[in-house]
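Chain IDs A, B, C and D follow the sequence of writing; residue 1 opens each chain.
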Amino acid sequence: MTWTADEMMTVTAARSLAGRTSCFVGIGLPSTAANLARRTCSPELALIYESGAIGAKPTTLPLSIGDGELGETADAVVSVPEIFNYWLQPGRVDVGFLGAAQVDRRGNINTTVIGDYRSPAVRLPGAGGAPEIAASCRETIVVVRHKPRTLVDRLEFITSLGFGDGPGHRAALGLRGRGPIRLITDLGVLEPDPATCELTLVSIHPGVAVDAVRAATGWPLTVRADLRTTEEPTAAELTALRSLTTRSSTRGGGVA
Amino acid sequence: MAELVSLAEGVAELVHDGDAVALEGFTHLIPVAAGQEIIRQGRRDLTLIRMTPDIVYDQLIGAGCAARLVFSWGGNPGVGSLHRFRDAVENAWPRPIEIEEHSHAGMANRYVAGASGLPFAVLRGYVGTDIAKHTKTVATVTCPFTGEALTAVAALNPDVAVIHAQRADRRGNVQMWGITGVQKEAVLAASRSLVTVEEIVDELEPQPGAVVLPGWVVTAVAEVPRGAHPSYAQGYYDRDNDYYQSWDPISRDRETFGRWLEEVTAA
Amino acid sequence: MAELVSLAEGVAELVHDGDAVALEGFTHLIPVAAGQEIIRQGRRDLTLIRMTPDIVYDQLIGAGCAARLVFSWGGNPGVGSLHRFRDAVENAWPRPIEIEEHSHAGMANRYVAGASGLPFAVLRGYVGTDIAKHTKTVATVTCPFTGEALTAVAALNPDVAVIHAQRADRRGNVQMWGITGVQKEAVLAASRSLVTVEEIVDELEPQPGAVVLPGWVVTAVAEVPRGAHPSYAQGYYDRDNDYYQSWDPISRDRETFGRWLEEVTAA
Amino acid sequence: MTWTADEMMTVTAARSLAGRTSCFVGIGLPSTAANLARRTCSPELALIYESGAIGAKPTTLPLSIGDGELGETADAVVSVPEIFNYWLQPGRVDVGFLGAAQVDRRGNINTTVIGDYRSPAVRLPGAGGAPEIAASCRETIVVVRHKPRTLVDRLEFITSLGFGDGPGHRAALGLRGRGPIRLITDLGVLEPDPATCELTLVSIHPGVAVDAVRAATGWPLTVRADLRTTEEPTAAELTALRSLTTRSSTRGGGVA
């Protein structure tokens, strides 16, 4: 079976949820991957949405974080204050799954503005639940399409903290979660260098050239000596993903 | 006991020029009909408050009703940008709009403080981000027991909260179920409240997951069937995803939006 | 996923000498069977935490399991005093007991802070009373926005929370309905939790007013039919008011209580 | 119809709820009076119990603040943290209805200890919800049996604040509620003197001698010049009260 770069990205992201108990699902690409994980490597995974749905088991891909099916299939639906205060904040959720408009070399995220805050070139949607997901989940995983304007050297605005200025910054701020342990794109997988916290290429998707990844990255990309090639999507993974997305597109719209 | 009113009466009585108005709804039960009635009645200089401003706030902003927006995520869920919101922020069209921006956790806790009669709430949030640099309603508070520094957010107490629910009874007791977001907190934090409902019934049958607001904490209730369209009302109708899609081209262009606005206000 | 255990196993694994233990239940769903199992297993030096210590805490205190009591109201509801509790406080029998005393609002907010991963909570409380003079877990905090002085209470994070619920499924998802008090907060604030239930079922049917705790936040679940007796379990059995009455003479006298204790521990 | 002193007290207390929207019902005698009010002068009164029941409509007298019937008949049942934080604390409840082991001349309440706190002569149940009910309800009404050891000159322990040391004390502490506007006993009705905040006798129950009230009061009781005699209980009030209490006693036990 052949696949698209987006499918490779989503399948890789879903695999990273294997063995996890709970995932706080941010709006966007992550939702597709998290729902795929429940259909493949992690059927018992508890999906938590900021709308208050805990243990949602949607049969079709949600178009928003508050789709009716999320609440109807959830183990519990709680208020929005409760989902943030009782469930996210104490650090009881294993993984936070986030998208981003921009992510920098240390995994910091911008979803607020491009350009000056008061007179921005592009006004983005804003923070939503991301700042506290990035702060409080035990670990976070970021999923974005790999473009130079998305993976940037520095951010003009930090909406959600990754590793900040580098090693020790999160701890100094008293944050409990480990931060972005992985950045998954349509070209490969980046992980922080233990010494510098800089995101480095650890795995490249089949058929992608390292130079192409370098060219699509907004900073001088370090490639790990032990660079792996990402395992191809299995037929089972692709079938599960496609059935998810078709069923959803028949409902109109796509994931934000 | 809440007063039973028509939507037009409710908006006329409770929403005034210059008010801080929270039309809440987290994807589900969004009070869209009430928002469009506010446009129809030509309210001005409103401070619009909402965690997740979406299409109806794009409409209010494009119509020039809003002087300020207090929010944590503004977009067209499942589609993309709110173009009227962006046009206001990026180009001050049709008028400049001041924004006060938070995270969801911060906004939710601001409503909780407001509903609890407290001036602030404490959370672990905003740390290491640039959000707090641009708002005066985020500060630091120190734990008197551990000395740990935590984040404080100022209470939100809107002049009026507007929400949509599935049902009310004739005494104005309101019942909503499914994803109920932050609506209870918004109503309890506000000085006044208007609740639109799918139907007014004699008896509220208990429902799994139902939140009930007793009539004595609600100012007015208006029966507005499909009042949450294009969002959904669980047990009544599904989300109209095509409408969210079709809003994008309308919202992108000032003239197309202008024609949409004429139709709505003519209605 | 929570482990399914017997009551004896659950108490043996999760409740240790010297632990801070919260057996919560607000008149409804009081984990009495679990409390008596703690007596049977002879736990000592426990810090017992509960908003409303009643008969089962009278029994634990009379049996000498407790070194400390953290509470806000201690009595036999509908009857009068807890005589074992009074004997411990007034006469240090069977052993001295240290008390830490709060108001309900303070205790509830201490659990909320604990469940929220915060070191303290803010409320309007204790002002002008003598309660705060006798506890180190009440302090003052100043609003960074208004300068207003408010009351702070320290978070409660028990080593183990023990509650009783109507049902659980085989994955340990717990469902309780009716008056559910502060049990969710107690479980979420604690390091470990033991939930006794009326029955373990294949599927949890949705119930109006139900609170569900997912199995992944519960440590262990034990099926203990009538485990809340003499309190009640809505949908299963009523409150045994005669038992509350009959406890009064048993509890009044050390010897009568001693005989009761022998029977329970022999059981 | 003849009546007992307790019935006179309960009927008088119930009458004081006429025209109120909401009442936060403390444990004890107040619960009887609040439930009687719903059957007589105030059928629409929303009874709020600290167990989380809002708008409870029990058909029999609750034996505790958490009886099943309270939840089953309520408009809403919320968590205990919510009942205190969202409902009581903001001051949205009209009347707080409290009992007491001891009340002093300025309406301060003790339900904690008699004697020294660390080695008390009598250990009482403690605060429960009373301190915040007394602080946050718009007004509070206290119901106790009239005895010298109950109505005392000074308290050794203040569990719930009335008027504190006197005029201005509540305001200085930033309390929002007006405090104890009335003390209802089995002998009469006491209200605070506007100038001193001291509880003074404003109404005496039929057949009770003023000297008897003086003798049963732990401070030199001021009797208002315009002393009224409390209206006798009507047959309707007594019938309603007796049907309430019989039905409840058939369930065993009495109200704490």
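Here is the rule we use: a contact is a pair of C-beta atoms (placed from the backbone, for glycine too) under 8 Å apart; a residue touches a chain by one contact, two chains touch by 3 or more.
What you see is a predicted model, and the numbers here were worked out from it, not measured in a lab.
Asker: Looking at B-D and C-D, which pair shares more C-beta contacts?
Answerer: C-D
Asker: Mind checking the centre-to-centre distance between chain A and chain C? Centres are C-alpha means, answer in whole Å.
Answerer: Taking the average C-alpha coordinate of chain A and of chain C, the gap between them is 40 Å.
Asker: Quick check: how many Å separate the C-alpha centres of chain C and chain D?
Answerer: Here chain C and chain D have centroids separated by 28 Å.
Asker: Could you tell me which residues belong to chain A and also touch two or more other chains?
Answerer: Expected reply: 85, 89, 136, 176.
Asker: Could you say which residues in chain B touch two or more other chains, in rising order?
Answerer: 112, 117-118, 123-124, 148, 184-185, 209
Asker: Work through the pairs of chains, note which ones touch, and then classify the graph as line, ring, star, complete or other.
Answerer: Other.
Asker: Following the definition at the start, I'd like every touching pair of chains, please.
Answerer: Chains touch in the following pairs: A-B, A-C, B-C, B-D, C-D.
Asker: Can you check the complex and tell me which residues of chain A touch chain C?
Answerer: 21-22, 44, 46, 54-55, 75-76, 85-86, 89-92, 136, 176
Asker: Within their complex, state which residues of chain B touch chain D.
Answerer: Of all residues in chain B, those touching chain D are 1, 112, 115-118, 173, 184-185, 188, 211-214, 216-217.
Asker: Any idea which chain A residues touch chain B in the complex?
Answerer: 27, 50-53, 63-68, 70-72, 77, 79-81, 84-85, 88-89, 112, 117, 119-123, 125-132, 135-136, 157-161, 164, 169-170, 173-176, 251-256
Asker: For the complex, which residues does chain B have touching chain C?
Answerer: By the definition above, chain B touches chain C via 117-124, 137, 139-141, 143-146, 148, 150, 152, 154, 206-210.
Asker: Which stretch or stretches of chain B touch chain A in the complex?
Answerer: Of all residues in chain B, those touching chain A are 26-28, 51-52, 71-81, 85-86, 89-90, 101-105, 108-109, 111-112, 123-131, 134, 148-149, 178-182, 184-185, 209, 232, 234, 238-239, 241-242, 244-245.
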